[in-house]
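One structure is given here, and the rest of the page talks about it.
Chain naming follows the written order as A, B, C, D and E, and within any one chain the residues start at number 1.
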Amino acid sequence: MAGKTIEIIKTKRKVPEALRQRHKEYLGLRKKIREALADGEATIPQISQKTGIPADQVVFLVMTLRKYDEIVAGDMDDMDEYYYYKLSEK
Amino acid sequence: MSKEPESKEKRIGVYICRCGSNIADYVDVEKVCTEIKNEKNVRLSRVMMFACADSSQKDIIADIRNEPLDAIVVASCSPKLHLHTFRAVAERGGLNPFNYVQVNIREQSSWAHSDHPDQATEKALDLIKAGIARVSLSEPLNPITIPAENSVLILGAGVAGMRSAIELADLGSQVYLVDREFFVGGRVAQWGKMATTDQTGEELVKSLYQQIRNRRNIKVYTGAHVISSKGSIGNFDVQIKVIPRYVEPPCDPEGFSKAMEACPVTVDDEFNFGLTKRKAIFHNFRSEFPAFPVIDMAVCTRCGICARYCQGINLDQKEEIVQIHAGTIFLATGFNPYEPRKGEFGYGQLPNVISLQQLKRLLELTTGEFRFRDKKIGSVAFIYCVGSRQMDGDNKYCSRYCCTSAIHAALQLRQEFHVSNIYHLNKGIRTYGKQEILYEQSSRAGDIYLQFIEDEPPVVEANGEKARLTINDILSDKHEISLLADLVVLVTGMVPRENNDLNRILKVPIGKDKFYNEIHPKLRPVETVIDGLVISGCCQGPRNIHESVGSALAEVAKVYNVINKGEIQLEPTLAVVDPAVCEWCGKCAEACPFDAIEKVQAEKGWVAQVIEGNCKGCGMCTPVCPTNAIDIKGYSNREIRSMIVAMSA
Amino acid sequence: MSELDPKFAREILKFGDGTFSACYNCGNCTAVCNLANNDNTFPRRLIRFSVLGLKDQIDASLDPWLCYYCGDCSTTCPRNANPGDLMMTLRRYLSSSYDWTGLARKFYTSKVFELTAIFILALFILLLFVFFHGPMTTELTPDGGVQLNTFAPWKTIEAGDWIMAGFLSFFLLSNIFNMYLKVIWRRKDLKIPVSLYFSELRHLIIHFFSQWRFSDCETNQDSFFTKVKNGEYTYWFVHFLLMSSYVLLFTMIVGFLYWFQTDEIHPWWHPQRLLGYYSTFGLLLGTIYFIVLRIKKQNEKSKNSHYTDWTFLTLLFLTTLTGILVHLFRIGGLPMATYYMYVLHLMILFPMLMIEVPFSKWSHLAYRPFAIYFSNVIMAAQQKTSQK
Amino acid sequence: MEQNMKNSSVKVADTLILGGGIAGLEAALNLANTGHQVVIVEKDLSIGGRMIHLSKVFPTLDCSACITTPKVSEASRHPGIHIQVNTGAKKLAFDAKGHWHVHVQTEPRFVNESLCTGCQDCERACPVVVKDEYQYNLVGRKVAYIPFSIASPRIAAIDIENCILCGACEKACVPGAIDFSQEPVQTEWIVKSVIIASGFTLFDPDQIERYGGGKFKNVVTAMQMERQLVPTRPFNTVLRPGDGKIPDKVAYVLCAGSRDGTVGNPICSQICCMYSIKQAQLILGALPMADVTVYYLHIRSFGKGFDEFYQQAKKMDVSFIKGKIGKISELENGDLMLRYEDIASGKIKEAKHDMVVLSVGILANRDIEKISGLENLELDPFHYLKQRQEMSNPFKTNLPGIFMAGTASGPMDIPDSILSAGAVSAMVTKYNKGFVESIINSLTISSWNE
Amino acid sequence: MSTFPHKILVFSTEKISDPAIDLAGLMKLHYPAAAHVIVLPCSSAVRPEWIMLAFETGYAGVFIAADGSDCPYGESCITKTAKIVERTHLLMKAKGITTNRLQMAAVCSVCAELFVRQMTLFSEELSLATTNAD
């Protein structure tokens, strides 16, 4: 059955529209954050300012992307307040 | 390298798992497999998709039988996941499970070094070589069993001891319940009404002792103490000395009361904390157990008057020494209430300053109006943390039970004896958990709580017949508040009982707080570093009654696991001494945290020997041996050295 | 050093039910209170004084008057000790403690005493009218109204008013003076320059009229209009309406009775009628509003009603109601009804004023602004001393 | 005895344990070591309960995972222990012979347990991100995921509620372990005794409006802080979730949801003081420049070594202030203003902190009440299981053969939970042993026979 | 023919530090592959002669991933492991081996990152030492 069972579940479940929307939104936010980091490292407030995404959401997204190796953490800023984040080289 | 011992010729099979692509993506498994084939002793080497899969397991078993193989190595994931799977495979194939070695090339090679696949491959090869080297030297090991007596010696017949005695007896163990006092029940017998159920200590003790009487496999010794102990887990030999009661059956109650009346010796009754007097011949309360009075020989003048009234009295009884053979020793020796220093908050100086324990007795002995020293009591002040949380003294710990207990007593004073003015001078109330409700009830009913600063305790002075207390109350901006009370109750904490002889004989580990110490509060909360010596109740640290009972039952579970089969199974990975090489120096015994090494006489002189029941196989003894005479099975000097060499290439 | 007095808490409990002894001194009530500050740290401090029985501290405290009972302390009290209700109870206690006659204490602690007093005072009015009333003419005025001034000439009534007002002022002022003695005079640590009494006087006036501290109870960041829309000012507004109506009517009755109690029927837009209607409307709406709140018990400050709250509201409501009826009967040309109703009106009005104004609930109208005034005087004085 | 039907089966064991947290595991190991057949039914995807998620534990500061994981692995390979994760009890019934019939349902995880190797290929392939409940929502996780790194079993699962059915995981899985055809599986366990070790739930501080009602970004719960202090932590360091700033003034607000009649929980949660003191010490270890202030009512460091631990925190310069936080307001930069009465001075104070930790209390796990057949189970006023004979037979319910362990009976710390599990093991051992003789005789209450 | 110029022998412990090293792999945290691990029950079972053997057979460094206070065999592990290091340092001095080639740190069962950091630093130190020596 390997590789085919997805078809089975598709007959039983419908994906709610809200779920698709949320996923699309996530992909959009992820893209924005990746773009913001394309020219170099930035702190959370800097990313928030560049992208217009509220800082707490940026924290969530950056940390999630860090967890899945898309982003790596760098050094602290001069004030020892924030870390810099950059895209991982992969 | 020539001095490394040559490994025996073994027929070894090596299996390298691809783990789907998890290993194979980074480790060149085919290359590893080919190279391994050339290693010494290796009969075959195979790559598998999933070594743990059922079909693969069957293949391995077939190889073991067909080749046949003496030992196998599986290079796959962490042994934490599948060591036991493959040990079982080896066993099913007919090998000793210790002739199997698992090499971790997933967590510790492919995944950790996915950034450098070539290095991951190289490392995997090194690790497998080490595994082969180890398995070449591995010896078949079998679990060790030592006989264990299915009997328990319980020291201390308080609620913890009694409750566990009943449970163990019901589970089929022979129980010896030993108490230093002449009556069982410990501190709880003295306690009166208990928070939060309002059952009395007397009732609880009574019901427990009735259960004990109904069980044939519990033997009770009162007035007895340990004088020597030998042996280790499974087989302790303990000698106890039993002091006679000088009263034996038959002893009719009437004769006894007359004898008690007639006895000319009067002393303070310790059971009532000196609030009342007793005679040299005495009992505690009517339902005491054993239901026999005692003559206190320390104060008895042997005048013989009592014998005229009561036939059971026999002043010629002799002390007895009893031998007990027990699989485990249970310590439930309980606590002593902290005895305030003379002058501590007026204790021993002011007539109306008493301890919480005294108050609890007083509440038990009082009916009708609440009076103390013939004076009606209208106001009571409690001072908390006496003997606990000391800033200057030794007792840094919190005694845990006292806040709730004092508040419970206060509620009893208010509800049963209509004492309307009750003050609590505390250091921060600690009615944890559901006990908080008692605190709320008491303050809602009008008890007044004042809190003093940690290093500024309240002052107690005499004021006519009353006591005047002065406190800097934190709750009123440290305003100095003064109040008058008819009775001052010092809420005294717990200290361990003085058992110096017992502690010395059994080598009980003692913590910083002077209570008995467990190995680990979470991993092994009732065991001590001495195997077979377990602790519960308040000898381990302050607790309330149901927590004590809980810990006692937890102890039963642990002990029952160990002794119920009549033998103890131990992991075979224990220390072993080569008596030919050993020249007893005692260093291993010193290093062992479990007292697992003893000195024995061999032909050539003293040598060390491992007490297998105590050994945990940690290996702390091995590096200290100057002659390399001691080893851990499964991690032997030879095996590890061979691994170091094998990986070095 | 203070002596703990366990009996005092029981004494306070005579002035209202209280669960304050359940307090475990977390300080939440003081921290959530918008009106509390470091010069007036309440309610926990007062709970503490009450529990420990520190009578002198409570007697000298102005804090209960500074509380406007928004109820936040009570709704958030983890022990359900109801600090807000204690503040109310303490206001009753303090009213009694200021009152040197001892009557306030009697009114607050004995229902029987209060009802008897009301009855006696009503009887007194009744008897006055029975013996001294003017002719009960059924002849109507040219406008078709009743000749009330013939039955009860405004000059006589006014004289009575003045005598009554004299009594009221005497008691109230002497009580306020007593309050002054307790809160300022007896405090040894205070040195108050006389000038401060004048410079801080504005607080007395402003707060007497506006009761503005009420609005400080609200802290959310909404705009004024949203707050109005959400009904956040309703309580203050109704209270203000009631209070202003009362003051207005009291002033008209005592000071301008000749103008107010007239047999003429003015056109509806006449200031006398408009002011009268405003006051009647205010009183009617106010009393009904507060009665409904107290029956519904939905918000914290209306949950715990003392019997004196009920007597006061009932008397005020009945006064208003009978007042309206007098007016209606008079302009409706019903002479006998007007006269009886007038007597009944005064039978209710008189005990209400005599009991409530100096001795009971209504006295807070004076104590509150004075408390703010005194507290500002004290603060200003302390500031001056600390500056030195 | 096994009569296997398609998605349901009947099996026999000695004891069934509801809940695979530390108490359940300890009891299971004790019982299995004495020769009982034990089933652990765990509703979560992994056993280990709350404890496996904690950082270090008071007062010894040893690492929580180091204590839990050996027990977890010992239990999972013990021949006497059968573990069913992702499984809930639906119904209990008592039969005439005194056995309990426990009907449990295993929800599909859509991953074949015997094929999954825990390699996380599916997780990397999955495109959908949702909040990670195991990291208390601080960070995201995929919909196909390994619950957490030290989960046991370390097997993937698919969170079907959030799945967009793209099939990427199935393509990525080499051993072919993904199986969307799974259906719920019913098992009926016939056992002699049942231990309820269902643990506690955490108080939800969002209902406290004056602490921000969940809206302030830099107000976190103690569990969220706990995760930030664990080696497998979501941010790899301690950061404010509002903007990723390294906090330097952290406040602990004790009794958030405990000892508070207004939220319906008047009792003390027993652990918050100590875990807050512990976290304070750990924060000072992680951020040596930080200030930590603990706002408390009474510090309840009552256990063995606890008061010493409290004194140690004071020596490390953790500030302790007596006074309940009345309200918190959020400033523009995300900092928080705390208003409280400093009880020691009697002054109202306002303190600015850049991060606030609410030391939330614990509540009874009321899922037990939803299991049919347990309607007669006695609870205490706080919805914990009632101990019938607290003094002599603790941890016994009013129903025959049903026992409790750990926080099912009330708030308690880890050592006490472990002790309670030990105590229950002894009682259950005896109960199972004397099962035939004593229980049949005591079957006087007929209502459960039905 | 080893690809590892600076091989590190790591002694880990079954219950505590080895799970952390596994966890490092699980979390795909990279550390030098030159680190090769031998598992023991407890870090205070490491024999100084093993360490010396490692130096003799060409390892650049030896690292003891100790139990620290988490040791299931009791707290004495800390001091005992420290003693072993102390004794070995003496042996190393006698042989002219710089003592920083033997290092120790307590690694708790989930301290994967700590282990990675230790390995990376140790490896750098070792390669630096050899280049300097060259």
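In this text, contacts are C-beta pairs under 8 Å (C-beta built on N, C-alpha and C of every residue); 3 or more make two chains touch, one makes a residue touch a chain.
Just so you know, these numbers come straight off a predicted model, no measurement behind them.
Counting only chains that touch, the fewest steps needed to get from chain D to chain E is 1.
Shared contact partners of chain B and chain D, listed by label: C, E.
In terms of the stated touch criterion, the partners common to chain B and chain C are D, listed by label.
Taking the CA centroid of chain D as reference, the farthest chain centroid is that of C.
The central chain here, found by comparing per-chain C-alpha centres with the mean of all protein C-alpha atoms, is D.
At the far end from chain E, in terms of centres built from Cα atoms, lies C.
Counting C-beta pairs in contact across C-D and across A-D gives the higher total for A-D. Centre-to-centre, using mean CA coordinates, chain A is 29 Å away from chain D.
Between the CA-based centres of chain C and chain E the separation comes to 82 Å, rounded to the whole angstrom. Rounded to whole angstrom units, the spacing between the C-alpha centres of chain B and chain E is 35. Annotation for chain E: residues touching 2 or more other chains are 19, 23, 26, 28, 72. The set of chain A residues that touch two or more partner chains is empty. Listed for chain D are residues 60, 62, 236, 259, 343, 346, each touching two or more other chains. Per the contact rule defined earlier, chains pair up in contact as A-D, B-C, B-D, B-E, C-D, D-E. Listed in rising order, the residues of chain E touching chain B in the complex are 2-4, 7, 9, 18-19, 21-26, 28-31, 33-34, 36-42, 44-50, 53-54, 57-59, 72-74, 76-77, 80, 84, 87. Against chain B, in their complex, chain C makes its touches with residues 1-4, 6, 9, 19, 21-25, 45, 48-49, 51-52, 54, 79. Those residues of chain D lying in contact with chain B across their complex are 30, 33-34, 57, 60, 62, 67, 73, 77, 117, 119, 121, 154, 174-175, 259, 266-270, 298-308, 311, 322, 343-346, 380, 382, 384, 387, 390-392, 394-395, 410-412, 414-416, 418-427, 429-430, 433-434. Listed in rising order, the residues of chain E touching chain D in the complex are 15-16, 19-20, 23, 26-27, 69-70, 72, 108-114.
By the touch criterion given at the top, residues 24-33, 36-38, 41, 44-45, 75-80 of chain C touch chain D in their complex.
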